[in-house]
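So that you can tell them apart, the chains are marked A, B and C in the order they are listed, and the count of residues begins at 1 in each.
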Amino acid sequence: MDNIAGKKPALLWAVHLSVVLLVFLWVVPTFGLLVSSFRTGDQISSSGWWRSVQTQESQLPAIRIRGEAVERDGSFVIAGDLFENTGAEISRWGINSRDTEAFAAGETADLGDGQSLTVQADGFFELTSETSLEGARLPRVFVTASTPPDFTLQNYNNVLFSPLAGQSIGQAFLNTLTVAIPATIIPILVAAFAAYALAWMDFPGRALLVAFVVGLLVVPLQLALIPLLQFHNWIGIGKGYLGIWLAHTGFGLPLAVYLLRNYMVGLPRDIIESAKVDGASDFEIFVRIILPLSFPALASFAIFQFLWTWNDLLVALVFLGTGNDQQVLTGNLVNLMGSRGGDWEILATAAFISIAVPLIVFFAMQKYLVRGLLAGSVK
Amino acid sequence: MKSGFYVSAAALAMVAGGAFAQDLKFPVGEGGFNWASYTAFDEANNLDGQSLTIFGPWRGEDQVLVESMLAYFEAATGVDVSYSSSEGYEQQIVIDAEAGSPPDIAVLPQPGLIADLAAKGFIKPLPAETAAWLAENYGAGESWAALGTYAGADGTEALFAFPYKADVKSLVWYSPDTFADAGYEVPTTMEELKALTEQIVADGGTPWCIGLGSGGATGWPATDWVEDLLLRTQPADVYDRWTTNEIAFNDPAIVAAIEEFGWFAKTDAHVAGGASAVAATDFRDSPKGLFASPPQCYMHRQASFIPSFFPEGTELGVDADFFYFPAYAEKDLGSPVLGGGTLAFMMTDNPAAAAFIAWLQTPIAHELWMAQSGFVTPFKGVNADLYGSDALRKQGEILANATTFRFDGSDLMPGAVGAGSFWTGMVDFVGGKSAQEVADAIQASWPQ
Amino acid sequence: MNPAFQALVVIIIGVGGCVGYFYLSNLFLDKVLFPAKGAMAGRNINRANAIRPWLFLFPALALLTLYLAYPVFATLWLSFTGRDGAFVGLENYTRMIAEPKFAESLTNNMLWLIVVPAASTAFGLLAAQLTDRISWGNLAKSLIFMPMAISFVGASVIFKLIYDVRDVSVAQIGLLNALWLQFEGGIGSFLLLRLLPGLFVASLLAAFAYAGWLVLRPLLQGRAEPLTLRAGRVIGAAVAAFLVYEMALWLLGVVTNDLPYGQPQTWLQKPYWNSFFLMAVLIWIQTGFAMVILSAALRGVPEDTIEAAIIDGANPFQIFFKIKVPQIMGTIVVVWTTITITVLKVFDIVLAMTNGQWETQVLANYMYDKMFRALDWGMGSAAAMTIMALVTPILVWNVWNARKEMR
């Protein structure tokens, strides 16, 4: 297809530029999440992620002086570094929340009661007191400093190895795969046969059945939860993998049938007719011709169904249960956030961990999305 | 149960359950715990091999805490407990109950929802003597017992839910250093609090940080404000009748309480970012203003759970502290406390479930959690020295000193109001609508 | 038994069972029940062919009926019952219609139904067409597809980091507000906030007006057409007229509005506009879907038709709009329909970001609210039925289409 754009370099550049712009718009939000997953919760809620890669000057939250006092020349001294990581450079500092920029780096502040405090530009401080500092409330320091970029892997450590969720993420990962793989393959298979019948077989009521399928596309999932769980309890499968496979199959079928039927209708009629003339049965036509030709459609539906089951939380909670041994990845990650759920850094990290597998699936399936097989069979 | 899948799942559950059975956090017999109640319970109950499913609201760190308490129940009875929780647990419990696969024990923080479940016949009543036990052993016990008492499917009232774990909501958080820098004193009456608010404005500061944002639940922090202020402007029975709609939502008494909240939240100078920022600020981000440099505000009214959203490294009692959201000195309504809490109830006839309710009546079941963090109990039989921190002990005192304790009203109201129009109404209120307009709309949404 | 091993067994049993079912049932039909030989061969073949579609359809129909149709009928019944389960007739519906929130949901849903499918399909088509012709197209596709793979848990943080608002005195953590604060009313602001959007809206206005004219023209010329088609043209023209009106209002707004420079904006709390900020989330997610499907269809367009057009001297735009788009029209319609239906069901975006406050309520969230928060199953079911009813035009259209394809 390069023959269209290839002749006009200007147009090709326009295409490149438009795609860059489009990709940029689509990636920026996710990129923000990625950057945020390497920041602490305090960093996320105090400055924009786009500022995290540059050295920035800002007022840091108050830092309380800590440390062991040593006696020196008859006075008590606590010395140390305000920052755990080096690299920050203090410009102004203060000891009162009403005047946070009272002193320049290197100046000494009189705290009263015979105490004085010196803070250097690199964060080194020295608190001197005439009386013992034992049990005394140590002062806070407000600093205005330029801090270099600071990223942490702690969030990933927390999400991957935290004992908080009651079980390992590995088990949850396995559970999710156990749910997602059968829940992807079974509906495709069932839907493919139905789609073939709706597309290429002649029987009364076909149009109505298509309408039936389209109508069911719109059924809100929430409607079906209670009746179906009731049904599962009634037939004795209760909560478990079998139930969730069936549920995902049922919920995924309308879209599968609809997409596949529309794809199959578009397949060239003459191939199928000639196969029929050659004496092939419908079953043979389906397996030998339709399935290979429909591979792009099957692959794209497989991607979507897999994504959907992978990221699903609601269906898993209802049909699989919430016990630690049955928890799926999304459930596990959501539980990490605690009862009030506000740890943005955990959320961000969790989202990136759970995105990995769907992206791999997409990359792996991408080459099947091309209709190359069709071209091969026609020529 | 016939299914092979099910059996293997159960086997796995036992392995997982065993995981937390092994580590008992506090050695039995040591420390100031009431171990006598533990050994007595241990001897009285032998349910080896039985299993119990518990579904509750505690996730993350809270889940670790509750499981440390459950480990002792397992050790004492031999029951295999599996605790689970999930986001959206309220919906899930409804779905499970309706579909016929409920957990043995469920724990919920919303009495209103429990009442709905009880009315539909999904909950087993507790033994008759439990109500009397609560009245006797809990501080303000009658009101706790009333909290768990609902009409069953046949219309008869009974105790259905057992309150376990309380939260104190009438707290104002502040930074002692910031107060000291400005020379402010902790107010002890509402008059002083209002004077302090105006003083801070006069000194060029911003007194309050208020954030109502909470995603889909945006607005709920304001309902706590209104409830607290109603308890401080009207007698407790007005509050009680308000939660049942005997007193209409647009009654002048209620409208006055909403306007009282407006004094704090709708005056631009009183709140960080101005009135328009109130609804937009997330309640989890809001307290961070106390610790910003320079401070964005001086005070933040929120329940006892909020320290988990303070900046990392904030030390309670040093960097942050709280005082009781005071009552008006001139109104003579005592010192009312607004709180919340969780209630446990039985959804099956499993004997282990009954044993679990009995376990919650032992001091040790409370002490094990309160010795750690985030747990306050109205149970008078516990050793208050065991509280894991001074902050918890102080909250315990506020609870004990309360002349009136009232449960979060929005959790008592029907879901359509308490988790719906009340929230949205408060957002509309800070967004500019008048208190009367908002109250009228909420009243109209009350299910008839 | 390890669940993973179980899964493997189930995949084998499930897949094998399915294949076995289809194979054996066909075998049984052809060889045992109606063998295509002997005296009755012709009749038997006809009979077998009459039954065979149902063999193919049976598993899907059984699952669909049980898992979706049955709950729908259960819901239909519930929508006529009160809290105590007694039949109350249309009371739930009348109560629902009386609620202002319901009318709000309905109008918002209309807006969603127009904007989201159109924008997602347009962006998806653009992405599919452009990425097909460049060397790093697959990478670009994967990046545009990425939002589809992000769980909702992640999406809620992502858009917090975009729409968040802070007091003007502290650093913004929402990207949109950070950008907004860069504008201060100078020449750059004029170019980017007035001229550029003004031109964009004006071109949209022109496009809608032209589309409306194209739809309406045959009717004005008095061409003989079936009644349904004429009705369709009237409706289409009405939608176009509505959009032209909206765009005219927008254009007026863009030109005349006083922009509050220097003040952080609470994006999600501005009635009317906040719905668009919520829609942006869904468009961002659904474009990947549209792109994947349309890209497959575009690659299926036979080369010879394109080559013929090139020889005829068509420019790339003509090739795209006159050759490619008409050939993949069927797929475009499928994508459009699917996204429309997704829009009807969308509730988690609204639930998590505004919960329908500030006039952003949509039907699906309204339903969820009534069902699980108010525990009012009657009204929740009535809302669900409304959502189902909205899909009727699509249903009718699909029946019509399926009939057409048959012949």
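The definition used in the following text is that contacts are C-beta pairs under 8 Å (C-beta built on N, C-alpha and C of every residue); 3 or more make two chains touch, one makes a residue touch a chain.
Quick caveat: nothing in here was measured; it's all calculated off a predicted structure.
Student: Given which chains touch which, is the overall layout a line, a ring, a star, complete, or other?
Tutor: Topology of touching chains reads as complete, every chain touching all others.
Student: Hey, which chain is the most central one here, using CA centres?
Tutor: Centroid comparison flags A as closest.
Student: Report, in whole Å, the distance between the mean C-alpha point of subunit A and the mean C-alpha point of subunit C.
Tutor: 22
Student: Just how far, in Å, is the C-alpha centre of subunit B from the one of subunit A?
Tutor: That pair's centroid distance is 31 Å.
Student: At what distance in angstrom does the C-alpha mean of subunit C lie from that of subunit B?
Tutor: Averaging C-alpha atoms per chain gives centres 41 Å apart.
Student: Two or more other chains touching the same residue: where does that happen in subunit C?
Tutor: Only 3, 6, 156, 160, 170, 372 qualify.
Student: Give me the residue numbers in subunit B that touch at least two other chains, ranges are fine.
Tutor: 5, 9, 12, 282, 292
Student: Considering subunit A alone, which of its residues make contact with at least two other chains?
Tutor: Residue numbers touching two or more other chains: 45-46, 228, 241-242, 313, 334.
Student: Can you list the subunit A residues touching subunit C in their complex?
Tutor: Residues 1-5, 8, 11-12, 15-16, 18-19, 22-23, 26-30, 32-33, 36, 44-51, 58, 174-175, 177-178, 181-182, 185-186, 189-191, 193-194, 196-198, 201-203, 206-224, 227-228, 231, 241-242, 245-247, 249-251, 253-255, 257-259, 262, 265-266, 281-283, 286, 296-297, 300, 303-304, 307, 310-311, 313, 330, 333-334, 344, 347-348, 350-352, 354-355, 358-359, 362-363, 366, 369-371, 374.
Student: Given the complex with subunit A, which residues does subunit C contribute to the contact?
Tutor: 3-4, 6-7, 10-11, 14-15, 18-19, 22-23, 26, 30, 49-50, 52-54, 56-57, 59-61, 63-64, 66-72, 74-75, 123, 126-127, 130-134, 137-138, 140-162, 170-175, 178, 284, 287, 289, 292-293, 295-296, 299-300, 306, 310, 316, 319, 330-331, 334, 337-338, 341, 344-345, 347, 364, 367-368, 371-372, 381, 384, 387-388, 390-391, 394-396, 398-399, 402-403, 405-406
Student: Okay, in this complex, where on subunit A does subunit B touch?
Tutor: 40-42, 45-46, 59-62, 64, 96-98, 100, 137, 140, 142-143, 163-167, 225-226, 228-230, 232-234, 236-242, 313-314, 317-318, 321-327, 331, 334-342
Student: Taking the complex as given, what residues does subunit B use to touch subunit C?
Tutor: So the residues of subunit B touching subunit C come out as 4-5, 8-9, 12, 90-91, 94, 113, 116, 215-219, 272-274, 276-277, 279-280, 282, 292, 296, 414-416, 419-420, 423-424, 427, 431, 447.
Student: Contact residues on subunit C for subunit B in the complex?
Tutor: Listed in rising order, the residues are 1, 3, 6, 156, 160, 165-167, 169-170, 266, 268-269, 351-358, 369-370, 372-376.
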